[in-house]
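This report refers to the structure that appears directly beneath it.
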Amino acid sequence: MDFGLALNVIVTGIIVVFLALILLILVMTAMGAVITRLTGSKKPEKQIEKSSPAPQAAAPAPVDASVQVESGIEEEVVAVIMAAVSAMQAESGEPGTFAVKSIRRSREARPAWSVAGLQQNTRPF
Amino acid sequence: MDFGLALNVIVTGIIVVFLALILLILVMTAMGAVITRLTGSKKPEKQIEKSSPAPQAAAPAPVDASVQVESGIEEEVVAVIMAAVSAMQAESGEPGTFAVKSIRRSREARPAWSVAGLQQNTRPF
Amino acid sequence: MDFGLALNVIVTGIIVVFLALILLILVMTAMGAVITRLTGSKKPEKQIEKSSPAPQAAAPAPVDASVQVESGIEEEVVAVIMAAVSAMQAESGEPGTFAVKSIRRSREARPAWSVAGLQQNTRPF
Amino acid sequence: MMFQEVISTITDMAVNSGFANLDWRSLIMILISFVLIYLAVKKEYEPLLLLPIAFGMLLANLPVANLNSMADGSLLYYLYKGVKLGIYPPLIFLGIGTMTDFGPLIANPKSFLLGAAAQIGIFITFFGALALGFTGPEAASIGIIGGADGPTAIYVTSQLADHLLGSIAVAAYSYMALVPIIQPPIMKALTTKKERSVVMQQLRPVSKTERIIFPIMVTLVVCMLVPDAAPLVGMLMLGNLMRESGVVDRLVKTAQNELMNIITIFLGVTVGATATAETFLTPKTLMIIALGLIAFCIGTACGVLFGKLMYVATKGKVNPLIGSAGVSAVPMAARVSQKVGQAENPGNFLLMHAMGPNVAGVIGSAVAAGVLLSIFGK
Amino acid sequence: MMFQEVISTITDMAVNSGFANLDWRSLIMILISFVLIYLAVKKEYEPLLLLPIAFGMLLANLPVANLNSMADGSLLYYLYKGVKLGIYPPLIFLGIGTMTDFGPLIANPKSFLLGAAAQIGIFITFFGALALGFTGPEAASIGIIGGADGPTAIYVTSQLADHLLGSIAVAAYSYMALVPIIQPPIMKALTTKKERSVVMQQLRPVSKTERIIFPIMVTLVVCMLVPDAAPLVGMLMLGNLMRESGVVDRLVKTAQNELMNIITIFLGVTVGATATAETFLTPKTLMIIALGLIAFCIGTACGVLFGKLMYVATKGKVNPLIGSAGVSAVPMAARVSQKVGQAENPGNFLLMHAMGPNVAGVIGSAVAAGVLLSIFGK
Amino acid sequence: MMFQEVISTITDMAVNSGFANLDWRSLIMILISFVLIYLAVKKEYEPLLLLPIAFGMLLANLPVANLNSMADGSLLYYLYKGVKLGIYPPLIFLGIGTMTDFGPLIANPKSFLLGAAAQIGIFITFFGALALGFTGPEAASIGIIGGADGPTAIYVTSQLADHLLGSIAVAAYSYMALVPIIQPPIMKALTTKKERSVVMQQLRPVSKTERIIFPIMVTLVVCMLVPDAAPLVGMLMLGNLMRESGVVDRLVKTAQNELMNIITIFLGVTVGATATAETFLTPKTLMIIALGLIAFCIGTACGVLFGKLMYVATKGKVNPLIGSAGVSAVPMAARVSQKVGQAENPGNFLLMHAMGPNVAGVIGSAVAAGVLLSIFGK
């Protein structure tokens, strides 16, 4: 076994993989900043409004067994929506003030929390 | 530049293209005549009857804003049907006596004014 | 013409074809026996129950013109179901005691009398 | 001077055009292609293959255009590679496997015997062809028409005698379309009224496990016994395993639709385009057409006669009419059994019983193909 | 010592990376590919082909990766075989045939004349290209842009001058997307208000028999006269025959969807990936873009002028605006005729009348392609 | 005399049949293929690939039939060309690109780090394989199993050491199916209850513009840095660009369905059919299976440990459980993160946060593949 070659490959490999993905982080972060500046970040906000259900009820946040889930939407997705709601509550500083009562598939083609994308990703390749 | 070659190609090209398509005109016209003689042109007439709505109302021919169009049928197709109706009126000698009130997709597989064909042709290749 | 070759091919061919298919009979029969022993033939029985309509009416068995056939199910399939019913009657020893009144496509994915399979086989390749 | 050049170019094009080079042989071929288009479109004789075949024949016989499957460098030459290298027919079999329900055969394995008996026509026709002066590989390709299985016939012929591909494909698909006309008289002539009236016992239900094991077993047994049948039988059974497993539905859907359709178009057009005047307009073609019919008739007869044997052996439990379905031509031949049986007794439903020999016939002709390939193949 | 090796490997990778080897020419090509992606995605310029073409161009110009269509052994090299050997464009034509309704042309065969007239732009542009110093085969490939038919342009160029494939494909598809901007001024300049207001007579209904015979007749006539057009016209007409026959719907569905889509992806990416800096960043590309525009304009003008001729000949029954549809660019050009006509008279509906010359233009440019291939082809 | 001939022919066929030539090694291979079919069908271990792979293995080991991917002239030999020439895996990546939502990664680009960390398993396993006596290219192919990405593993192995293709593909797909069993113990062992309970902040919404620019940027950066990754990454990103552009839906539909399914069938069967007894029944295969498991475990561990690092660096804002998703195995690994997290705190939803590292892992292993190909490739 050529120990030199081995170490060489390992170190180079790991460095290059990290280098490539760090470069991507920089590029994407820069891109995100540019786009936000250009568009004044108006559009994303609007999207948030659309995708967040208005707080209405007062049940505790953790999963409520009575939540109605439209057939065909997987458990997981409910989890995601729940998570999103929880996260927003965390931000707004008033936790545990409402629960998801009913989930329907949104009409929007490509919401930030891409439900369709997730389900498609489920196909095992 | 070989001026002779150029002219040669141009003249030959144009002559052959016209020759081919004129030949096609002759062949298709002959074929049309033969078929008409063989079938006594009965079938086409029946088709006309089917595809023409019976004149009922008395509004002026040009497009009426209140025309109801079934969703999925493009504006263009309405235009075509309108045109067909107008044309038939022009033939029958009594213009401007009715308007299209409502358009529904015909059940017929292959009407003379092939709506489906048109929509398929729309795909850009 | 090489008469020897000819006869050779014919005899060999026929023997090998029969040999192969007889071998398949043996293998499949053995397999059927093994599976029946392993599963105690419980499952198939259940399937029979499911796919056989309960005898209710008392009309004679041969085809009744008033049988309601769900659109999309071919005549043939009706014939098959009728045949199945007749056959069961023959087994149960009391012929001619009921008729098929109405046929609906079963929800089961793969019934013994595979209706879907039959229809697919219809495609001519 | 320049004008002269134009004249000469146009004269050149005229001289090299198809009109100037149309010989009567090509013209006849074009007319034959018209007849086949008519049969495919108006009579609906196996149009999925006959229409592309007929159009391929038309293209191949347009003078000068050189669009036949043997013309090195042409579009159809490249598409024909899939036939020449034996790729398309097994892929068609993959699709057929995904569409075939072997349940009736699993429920009644004795049907295999009828599927074997109906292949006798293949070998007897082989003998006839040999007697008429065809070479061994040619005779084998002609005999396989009697298998009543298009892709198998094309596979064998493409490997053994591809100059006959056009004639054999046309004969095979035409006779498959004519099964409802060819078979009934033979069936009636060979059976008694009593035999035709036999009502058969219901088939037992077949479990999913059996359905899954079946394609694996068939692959093992057939490919071990006749290795040359492996590409056809292996792909047929892979398709069936995919179907019955129920876990790869998206692959099944594509294999039985888009993949099969794409290959059907390529196969049909290029097989048709092998039929140039030189290879098709020979007395051989007429002989092939006659021999093909004989093959179908003998296959049908042998199936029915073997059915009679089973009728006797089972003391009247087997209706000999299901024997004719052993030629394959799925599912047409099984329907013919059903109809002839019902004509005798309106309450008799033989369809599912005939499906057993019918799908067994597909395996049977693949085995016969393997035998012939092992004897005459390179 | 070991540490040194790692350094040297990384240095090696750095030296061989694209960043170190990025020359300004590749950079410009990458920027051009961005512009094309922008046009395809935001402006929706024929995105089905322009997006794959643009991405192929991006891949081909990534330094070191060597992912261009000419790089022996690369992924795109293999996929490009389908272009190089003349396979993809006829198969695209097969799909187009299944989607084309030739009814309006059958109802009014005189439309063929307009479909012929609009091809004059091809030959005049050929002359212009020759005058600018292009070789004969190059000039022929450039001229064919005026046919306003992507697959035809790609077919001719791939056979005659595939170093220009990138530029010509980009020009062809860009101008096809720009038809609604390029044509109207020319149409208005060449016609009077009175001519534009002509209301045409309703087209006669077309029987199914005529629709079935049409593709067969076109194949016969065109392939006999111009054999080199046979792969394109033959496949176009096979597709149309399959469509009109109504008996092979499953083949039609696949030919017009999956088969066409798969080939469109392969064709687009590999055609785009022929456009390396060496072949694309030359003054020739600019000339091609200019000549392509000229070709479109002359084609439109000739169509309209011939329409005027027919207006006179028929004593005002033909609206000359339908002549511009003869360039093909189906169905965009026909829509332009409709819109310009309706702008003059809101009750005038030229669409179906313009579809005749429109689909005739497809046949016309295939014939022109055949002529050029027969003169300049190997 | 004649009878003797028949006897001799049948003896000949018997002697040359598979039954007479079945050695115990082929028999064991056939039994292994049965086990794999069982795992695919009953246990649903990645059946889309494992079922074709297993059946290919069965076909390849049928004695005499010679239906393995290396047997010149056989059906599977031709279909295997797409693997050998490196065509199928990039096309599968094209389809994966059309199905992948990179949104969570764009919203939180730091996830790229976890996608990088989880690839460390590849290189450590490479070292292990080298230590066990494998050659460099072999060790590289074995290491890449740790990428948890089937097409990438097949691509690298087909280019570097295709005699190991069968073992490596089986190991890769088996472990991908076993991700929900392999990962959780490692994840729990390396994290504290407090870490596992971290609730992460909602991801920001991602605009369409960002989604469109992302694939272009990834193509540029990755292919410039590691040109050998270009075929995989380029096609993945072309697919994703087609998806996100929203203007070529018909191409997207075909790329993610029919094209992908056709190639999956061909890829699976031919990869399985490389596994003949000679190449598969060696101690190497057992080592590969062991090393593959090690690769998965190290990858998972490195991902989680790097997650812990980010947990510290962000002062507890990152849940280290999402690190394990960096191995790719989309979307299984992300679901595992979700489940392990939820087991600790039922109100904690990590799925979308884990999707970031998950899809980053796909890019990460393609980069690693590029590095290994650039070092060991021709």
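Going in written order, the chains are labelled A, B, C, D, E and F, and every chain counts its residues from 1.
Following the convention adopted for this analysis, a contact is a pair of C-beta atoms (placed from the backbone, for glycine too) under 8 Å apart; a residue touches a chain by one contact, two chains touch by 3 or more.
Fair warning: this is a prediction, and the values are worked out from it, not measured in the lab.
The minimum number of touch steps linking subunit C to subunit E comes to 2. Common partners of subunit A and subunit B, by the touch rule above, are E.
The chain pair with more C-beta contacts between its two chains, of B-D and A-F, is A-F.
A separation of 52 Å divides the Cα centre of subunit A from that of subunit C. Put simply, the C-alpha centre of subunit A and that of subunit D have 55 angstrom between them.
Separation between the centroids of subunit C and subunit F, computed from CA atoms only, is 42 Å. One inter-chain figure worth recording: subunit D and subunit E are separated by 40 Å, centre to centre, where each centre is the mean of the chain's CA atoms. Of all residues in subunit C, those that touch two or more other chains are 7, 9, 12, 16, 123.
Within subunit D, residues 9, 13, 48, 225-226, 246, 250, 258, 264, 371, 375 each touch two or more of the remaining chains. In this structure, the chains touch in the following pairs: A-E, A-F, B-D, B-E, C-D, C-F, D-E, D-F, E-F. In the complex of the two chains, the subunit A residues touching subunit E come out as 3-4, 7-9, 11-12, 15-16. Interface of subunit C with subunit D (complex): residues 1-2, 5-7, 9-10, 12-14, 16-25, 27-29, 31-32, 35, 39, 43-44, 47-48, 51, 61-63, 76, 79-80, 82-84, 86-88, 90-91, 109-110, 112-114, 117-118, 120-125. Interface of subunit D with subunit B (complex): residues 1-2, 5-6, 9-10, 13. The touching residues of subunit E, counted against subunit B in their complex, run 46, 48-49, 92, 95-96, 99-101, 103, 106-107, 109-110, 112-113, 115-116, 119-120, 122-124, 126-127, 130-131, 133, 136, 140, 150-151, 176, 199-211, 213-214, 217-218, 221-222, 225-226, 246, 256, 260, 264, 330-332, 335, 338, 342, 346-352, 355, 360, 363-364, 367-368, 371-372, 375.
Residues of subunit D that touch subunit F in their complex: 85-87, 90, 94, 212, 216, 219-220, 223-228, 230-231, 234-235, 238, 241-242, 245-248, 250-251, 253-255, 258-259, 371, 374-375.
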